[in-house]
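The structure appears below as structure tokens.
Letters A, B, C and D mark the chains in the order given here, with residues in each chain numbered from 1 onward.
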Amino acid sequence: MLDVKIHNLSLKNPVLTASGTFGYGEEFADFIDLNRLGGIIVKGTTGSHREGNPYPRMAETPSGMLNAVGLQNGGVDKFCSSTYHRIADLDTNVIVNVSGSSIEEYCETAAKINDLEKIPAIELNISCPNVKKGGMGFGTNPQMAAQVVGEVRKIYHKTLIVKLTPNVTSIVDIAKAVEDAGADSVSLINTMLGMAVDVECRKPVLSTITGGLSGPAVKPVAVRMVWQVAKAVKIPVIGLGGIASANDALEFLMAGATAVQIGTANFLDPTVTIKVIDGLQDYLNRHNIKDINEIIGII
Amino acid sequence: MKKHIADFTVVDKKNHGQHYFILRLQSSEPLPEILPGQFVEVEVPDNKEVFLRRPISIHDVDYNDRTISLLVQIVGKGTATLSKLDTGRMLNLVFPLGNGFSLLGDKPLLVGGGAGLAPLLYTARKYSEKGIRPTVLLGGRTAELIPVKDEFKAYGEVFFATEDGSLGEKGLVTQHPAFGLSYDHIIICGPTPMMKAVARHALQNGINCEVSLENTMACGVGACLCCVTKTDHGHRCVCKDGPVFNVKDMKEWAES
Amino acid sequence: MLDVKIHNLSLKNPVLTASGTFGYGEEFADFIDLNRLGGIIVKGTTGSHREGNPYPRMAETPSGMLNAVGLQNGGVDKFCSSTYHRIADLDTNVIVNVSGSSIEEYCETAAKINDLEKIPAIELNISCPNVKKGGMGFGTNPQMAAQVVGEVRKIYHKTLIVKLTPNVTSIVDIAKAVEDAGADSVSLINTMLGMAVDVECRKPVLSTITGGLSGPAVKPVAVRMVWQVAKAVKIPVIGLGGIASANDALEFLMAGATAVQIGTANFLDPTVTIKVIDGLQDYLNRHNIKDINEIIGII
Amino acid sequence: MKKHIADFTVVDKKNHGQHYFILRLQSSEPLPEILPGQFVEVEVPDNKEVFLRRPISIHDVDYNDRTISLLVQIVGKGTATLSKLDTGRMLNLVFPLGNGFSLLGDKPLLVGGGAGLAPLLYTARKYSEKGIRPTVLLGGRTAELIPVKDEFKAYGEVFFATEDGSLGEKGLVTQHPAFGLSYDHIIICGPTPMMKAVARHALQNGINCEVSLENTMACGVGACLCCVTKTDHGHRCVCKDGPVFNVKDMKEWAES
């Protein structure tokens, strides 16, 4: 049995897709049956349309990549009026990643998503390293993190997941602060701030100089943070960062994550999510485990 | 168009000069319909330093044989690894990706240079299957850097322009006499300066014109927004909204 | 010309070996001519003998590894009375990495090394994640970092390099604090705190649960931090984290590092340091650059 | 002993049952002297998931042929990759590493199981070159899991113990009649429970005895201190102070 619960959210399995790496799901519909997923977390959505950062936005790194997309998206109104209707009827949890530059923007966006019947949860992204204002700023300071979560909590009445940045001295302090401020769950990690240099051109690869590191390279840091946070908070933890196989997902689950997200690995293999789901079931079968919840947090 | 992921077998590999090679890849399944100008995302095996797939245009397609050909220029670690694959090896492809050329016009001109030739062969063939013989104008610094030449002759009239005069006219493609003739559609794929020069010419002369762009990619399917190009209407994904763009939406780009 | 200067230290080239990955140099003497190196930073040395952590101490990760050695070493007295005499006459800079659990221990050890004529510098390790007391604790707090550096500065009179941990929200704050406290140079990064799970055994791979991540996986984070710190401080920065080729070293130099260290890559290729040195010279030749200082901090 | 780093060519690969294979690797240079019980650190090519080298014992050496043989058990990704290498491939080795067995005694017993057989063949040969025929006692769950058998007969007297009785005596090596005979030196390499049982027997009976340990390694040369084992005198590196340890320094380990 692969079912897990994140607050009021029932997932048919603990495998979600990570925001910004899976579009709105539609991009992968040719490769997999989206209804098999535990959930889809769509691209970061902001109060209004955003063009994002200039190209180049991507650099390949050892077992990973840097991105500097900068929250390009059509804005919440376009999501509500158009994208929502195309994906709302999927038989999986469609969750909106809510991003912004100010508390007002977070709240406005969250309020609009709150009205969408078939969106059971939002993931509040207080951790994007690729925007100048707000973004990661909120996620690196417990007081600011608590403030934005507290305000959003007042107007958002379904499952509120808060996504944390790893670029901090103590992720536990931030996690506890957002738990106290009313988060129903935390997801971690967002990307790590990194940089790559094109030594032939003698300049940074990315237009923004620094960007967000993701992929298998960050997995050990992500597992460590999930383990630390899961021990420190009572709300369920969603783990991500570098997951590319069922074994990777199991590392997070055993470290204390109730569910996981898959991001960058979708680029390498657009069917990876299904392989991970099947691999988890295989593991349970092989080890004679009835319920995946038995191994969650076993460490 | 439905996208696929599948293993192909390397059935042939041929070097074209020092810098180019052509891989012929066979599928065990019948191929879906592929448009000229579309591309594949190929997984690079064995090389520990390559993390992402690499986008490569579809150079030619043989539906009977279930083969796709790729014309690849060796520019870095991934393409070098592909150049060393033995026949019989498996390669995993995500395909067909992108929009492809529109095949408009009764008197089309195809302009290409370097690895930019890659998508033009299948394009020329598709025109000729429609009963139209396109004019093909291929350029490069020297003859050596035009990896595929005679193959185009089956489908259209072919001209060459080389900067050192080692093949065809001496000079740039835009200086070639054939370039000045009248066309109702231009397709370009090549180095950015070549594409911009041709695009400006088309815009000035009101000729419908398509360019095929090559930004670095992560997902190849429009999900990550890493590969954007600035169009006159904002950022668009090269992998999904492109790689082919009409220059009438790229005026700023053409002038920059 | 590959010569660079770190405060009073003249290096024949900017390539040093990272502490804990190159033993005392002797372990690599069969493979390379140690005298060709810009410098050798020996294993972390503490006030007294330390047994380190229990086995297992190592886990392989994507493009990297976790270690939990925990500063196993013979203690400063053994270093002074025995190891020192075996390596002091190398024609390169032999630098001692000084570690500890208290300010007193750091000072005692530094004072003893200060008396060793042929050791021109120490690297103060306020960033080891693998010891329970002290270690990384000092390096994650600007006040504590400044305090330990200030005290060591009083009794250590040669070149004082301070090694920083990446496990912080703002590495710039720490770097500025230790600069103000009298450091002659900073080196970064030490390992990132990570974790790996053996999913078949359902337990952590490392005896200490968490350990320090190193290798190419961390390079983008390290380059970013070096770039941030180099812009913020006036003292020279020594960059490290994942360097395995001349191109990697050039990324750090262009981002602002005056010298670099090579750690984990020595395990993959014990001759890598020489390849990097030769590769840097090749780059200069290829690009018609006379002096490597011309490209340092070019970004 | 000077350590080297060099490329070897895979000149032969033979499977021994499902789980084991022997690689014969040839150097272009004359081999340095290699002690029985020493090991190599082999770079695993092609596999993107393998980062570090893998330590493998030297199974046999042919100085004339300049070849080293490795007996490898497929247990994970690195060993699986090695098992698929074609002959003709290059493999990079750091070698010879570690201390090796001492070859003491006039009446030695060599005990091995599984991949632990690997270093014993060259050890037996070295004894026989000294004019001593060691007793060799090989154990495993079934005959299939004793990958090398007859090869030992050239150098000494060979006995087998299998838990299912499919070869030699039924039972553990310590239950084999030959185990109880009198020896003045015991060498063991195999699964930890086997090594500890033999070590305890040797300690109890005052027989000089060496074990070869297998901890995970990063550097292989004593630099990183990742591979330590707890000895009665504190942590020692398996790669440099070992892999061979005298059980008189490992009493705590043997009892644990």
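What we mean here is this: contacts are C-beta pairs under 8 Å (C-beta built on N, C-alpha and C of every residue); 3 or more make two chains touch, one makes a residue touch a chain.
Source: prediction; values computed, not measured.
A straight line joining the Cα centres of subunit A and subunit D is 47 Å long. For the pair subunit B and subunit D, the distance between mean C-alpha positions equals 55 Å.
Rounded to a whole number, the gap between the C-alpha centres of subunit A and subunit B is 36 angstrom. Touching of two or more other chains is recorded for residues 48 of subunit D. Of all residues in subunit C, those that touch two or more other chains are 61-64, 215. Chain-to-chain contact here is organised cyclically: the chains close a single ring, every chain touching exactly two others. By the definition given earlier, chain contacts exist for A-B, A-C, B-D, C-D. If you check the complex, the residues on subunit D that touch subunit C are 2-5, 43, 49-53, 94, 215-230, 234-235, 240.
Those residues of subunit C that touch subunit A in the shared complex are 59, 61-64, 66, 140, 167-169, 192-197, 199, 202-204, 209-210, 213, 215-221, 223-224, 227, 242, 247, 250-251, 254-255, 283, 295, 298-299.
Per the touch definition, subunit B reaches subunit D in the complex via residues 45-48. If you check the complex, the residues on subunit C that touch subunit D are 20-23, 27-28, 30-31, 43, 51-52, 54-58, 60-65, 67, 69, 72, 215, 264, 266-271.
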